[in-house]
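Order of writing sets the labels: A, B, C and D. Residues in every chain begin at 1.
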């Protein structure tokens, strides 16, 4: 096997910088050789920050000018399918951020193309690589809490998403952009597919922030029945303002298991008995999942170098998209929606 | 006002003993003068435990033989209406355990009778008197987290309920017997009535415990939309085996608030680094809500002695029953149910 | 045995009110029949608050005018010996607040008088009755952490003590007034007597608060070697301003055990990710040890009514005083002091 | 400045592997080019694990055969002085593990040699680089708790140290080998030097483990007075068996601050209400201080490449050794020892 994986980063924004940091500082077997972004200023700034000499405004251009083995795609959801097909067509391994794509047709096209071209396809579900989530999986598989019966997963994010990420036509909204991780987590740890979903949404903060996107919501509550009879709950709040919050709770036949907590660093202060104790909260997702982002990139690099299928790929990305589609239909039609209506 | 409230305890089982303890040990202005229970052995044992000389197998008999001012009713739900009407008719103040009754007709009859006879009617929602719940209410009303948008309340209880408490015909099952507190809590702290509910249930443990009650479920997940647009979630697991678990989480426009935690006493032990830290969990509801049970009884005694309406009465009990009825119809008919379908 | 214990409260200040609350609201077998305090205003206010008709400015006067069975002494330390001897001489059972007395001669006189007059003598070490401390004792005795090797106990109190309580001539200062509980706890849970002690003190806040008491200190750190070879640490900070803080940590041959935590009520709020999570701290000792105060008074009432020796009496009070005396000599003479130098 | 720092690792044991991991996986500006260890098997195994081709049984040999810029010294304490002088004499920058050396003469020789040869000297006090300790420092310097008055630091380690590390003649024992970090921490965060120290030790587990080293102790409790009048406590337990435990608590004029907690990963399980909740503890120091080890090596690499003095160097290492020497004399002579007796 080759000693090193040459990577082109597609997208130069916030998520891109998180992966660039993993590639440059914590993944010695990878080399970040090129960056692509259609916005010149963002592109140049990120390239300079990570000392990358080659940067382009299109993936095609990068492919024509630089030799590399893999892409890490962090662009908006509506661009995923075309970029993934371009990369696969050029024989590049693909690390693809969540959500996988806008619909199942796009998912299928990406999966088909990766398979046809023999390239690795890994989805950006970094929570599976977080040491706490991984430990929880290990314990559940070892039978620590028996058969899971009820699983709850939440993601509350601090800031208002950009317009494309809250518009159902360009992204499927918060259920996809924020809660994709929860869709993956509940299915993974329950060990069963969704059978039907029911979703309620609310819009409390949109007006004050001048959001006029149709169907905008900033609170969502999902009720899931799994094929094995288990129950699931997902909640999303974005913008929640108070911090970055991602926690899971699972009740099994033998007991309960919690993953994560609201508290961030173990630094506690108290100076006023009327106010009480103060402890940090996680401010952002890169802070909460620092090791998850490093470990998922190590896994992608290893999978690509050895040609081994990654732990989380197209099938998992597709299921999360299916959940989002059923959930969106549910709140629009105000009824439970079966997965087989969208699959 | 009189110096002391003479109380007749109706029911002599587990909940009755919790209230007897409050009355005898922690409510000096009350006097426990009689106990009623149809089962002679249980009756005598509880009477002896609390040093009560007068005990009877029916409330009517107690009324005829002993002078008292108030009843504390802790019998099964299907007996509530008749007992409450008997007590009200005799001019006794009424402390009534949750759930209030089997249906709204019974609730209305109880409320009407209490009003007509000018007696106090307090419902057994002790969580409202728990110091932590009360502090949370104070903070929410003071605007600490802004307008509540999303509220989650859970109650997981350790043991299998008795047959009458899991049969929809005698009790409305777990949604009523276990989760009545959650129905009350979410409405109280959201500050809005339920508009519609959607419920999923699961039965994982019934077969192994030879439960053949129709429609039995041991896991329930409720999705609520409130009239003010807020969202709510209730979960119940019973028997959960692992302990007694009652927690609430509220996301408001300005922040998050949590009430309660899984941990019980602050006594931590670690003797094995492969096992890790061990901390007690609450084993039972009397342990978790020790102060709530004392404070609610103090409140009932004060309300009765002064003739002041209690903080939580028939209207609150009726709303919880309405939620249960809509929720039960939802999982039976597999669709969201509007409260105005049952009200 | 008699049905009820008639109690005269000696002292009407803050600690007195805590015990009056236990006697009136939570100890049905006791009756608070009289209150004594030399300061008329304080006396009348406390008597009125608890509905006590008989109150006097001296214990002798109370004895002459009211029938009662026991005293609860909460006055300043320098008054303990005389009051205890008066009570014992009159055949009254004695509940005596910590610290027991100013020196060992006084302790011996109290113990001797109680024994001679056949009255119960219980010391106010309420931590032994706190449910968490009691559970810890149970586990240690059951061998949960093996033989204790190292024990640390701390008490940090919010406010500046009154002048008499920081003057070595009237009280032995903070080591006695604040840390008496710690002296008792470490000896009790280590299961061994102190062999020698070394103490460092500091004065950081005195000047700013115009404290000119000689030898005043607001920080103290005690290093103890026990007769069994175990080690102990006590720390005191008063005024600490930030809250009431009382915690214990014990390392045994098999593991570690912690009692208590900084956090008070389980009510958590976060509204600002730059500030982080906020949780209440205990504000005062009556709040932290609410059940301890109730349980120790129940124990005193039961011991007095049945004539059973209480769990914690004169011997325990005397050892705490001995530790204080050795500790005080240590910081004054800047050397380790053996207990047999003061015993 | 050069692009990359070529490093020779001196020592190939457990601490060496932790640093090798940082150098190889997380410090792209460093290159691990050689390893030195006198034990051939350990040497070869570590070299193979990290893919290092050049390895030698002596530092001199490595210097003669390979070009490098810096050494990372992780060998036993009694070898530090000679190795550091050899490295400095050859112009190599030095990262030196704690404790710095056996005595102050050795410390002075190392500091002198580094200064004379113009090489960087960084001490292995990784806690200063731990994100939680660093955040605590930031807050203290910003005045969050006012002037520190009382600081407590503890390190309890799971396993029995090797013979050389518990023998006072080859290492100064646990006070140095385990608690060097605490000596540095309390001085750093108090912002003042030790003035005098008093130490008690105990030996509970030695006999059962056949330890016959003279003056062996497995429990230690240090009482410190700082030059600024502040108080400090250090405790050490090794072997403690129950896990790796490193925590700090500081009381300042305005409040309290805690760093670290007993709990490791946020993965909580409960399956038995009689047992209670179970949460992981940190098993080892590389796990607890994963980021501290990475960050201190980044700092060393940056300091070496830019020629900037590191945040923690010879002076800090020397003070920790001075504390250890005074502390050891204290427990041997059973009296408080002033630092100016050993400086």
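The criterion applied here is as follows: contacts are C-beta pairs under 8 Å (C-beta built on N, C-alpha and C of every residue); 3 or more make two chains touch, one makes a residue touch a chain.
All values reported here derive from a predicted model rather than from experimental measurement.
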item	value
Between the pairs A-D and C-D, the one where more C-beta pairs touch	C-D
Listed pair (A-C, C-D or B-C) duplicating the A-B contact set, over half by residue number	C-D
Rounded Å distance between chain B and chain D, as computed from the means of their C-alpha atoms	56
Whole-Å gap between the CA centroids of chain C and chain D	41
Multi-chain contact residues (two or more partners), chain B	241-242, 254-256, 258, 262-263, 268, 270-272, 280
Chain D partner contacts - residues on chain A that touch it in the complex	24-28, 131-132, 135-136, 139, 144-146, 254-261, 263, 265-272, 280
Of all residues in chain B, those that touch chain D in their complex	158, 241-244, 262-264, 268, 270-283
Contact footprint of chain C on chain D as seen in their complex	147, 149-150, 152, 156, 198, 200-205, 218-221, 223-225, 229-233, 235, 237, 240-242, 245, 251, 253-256, 258, 262, 334-336
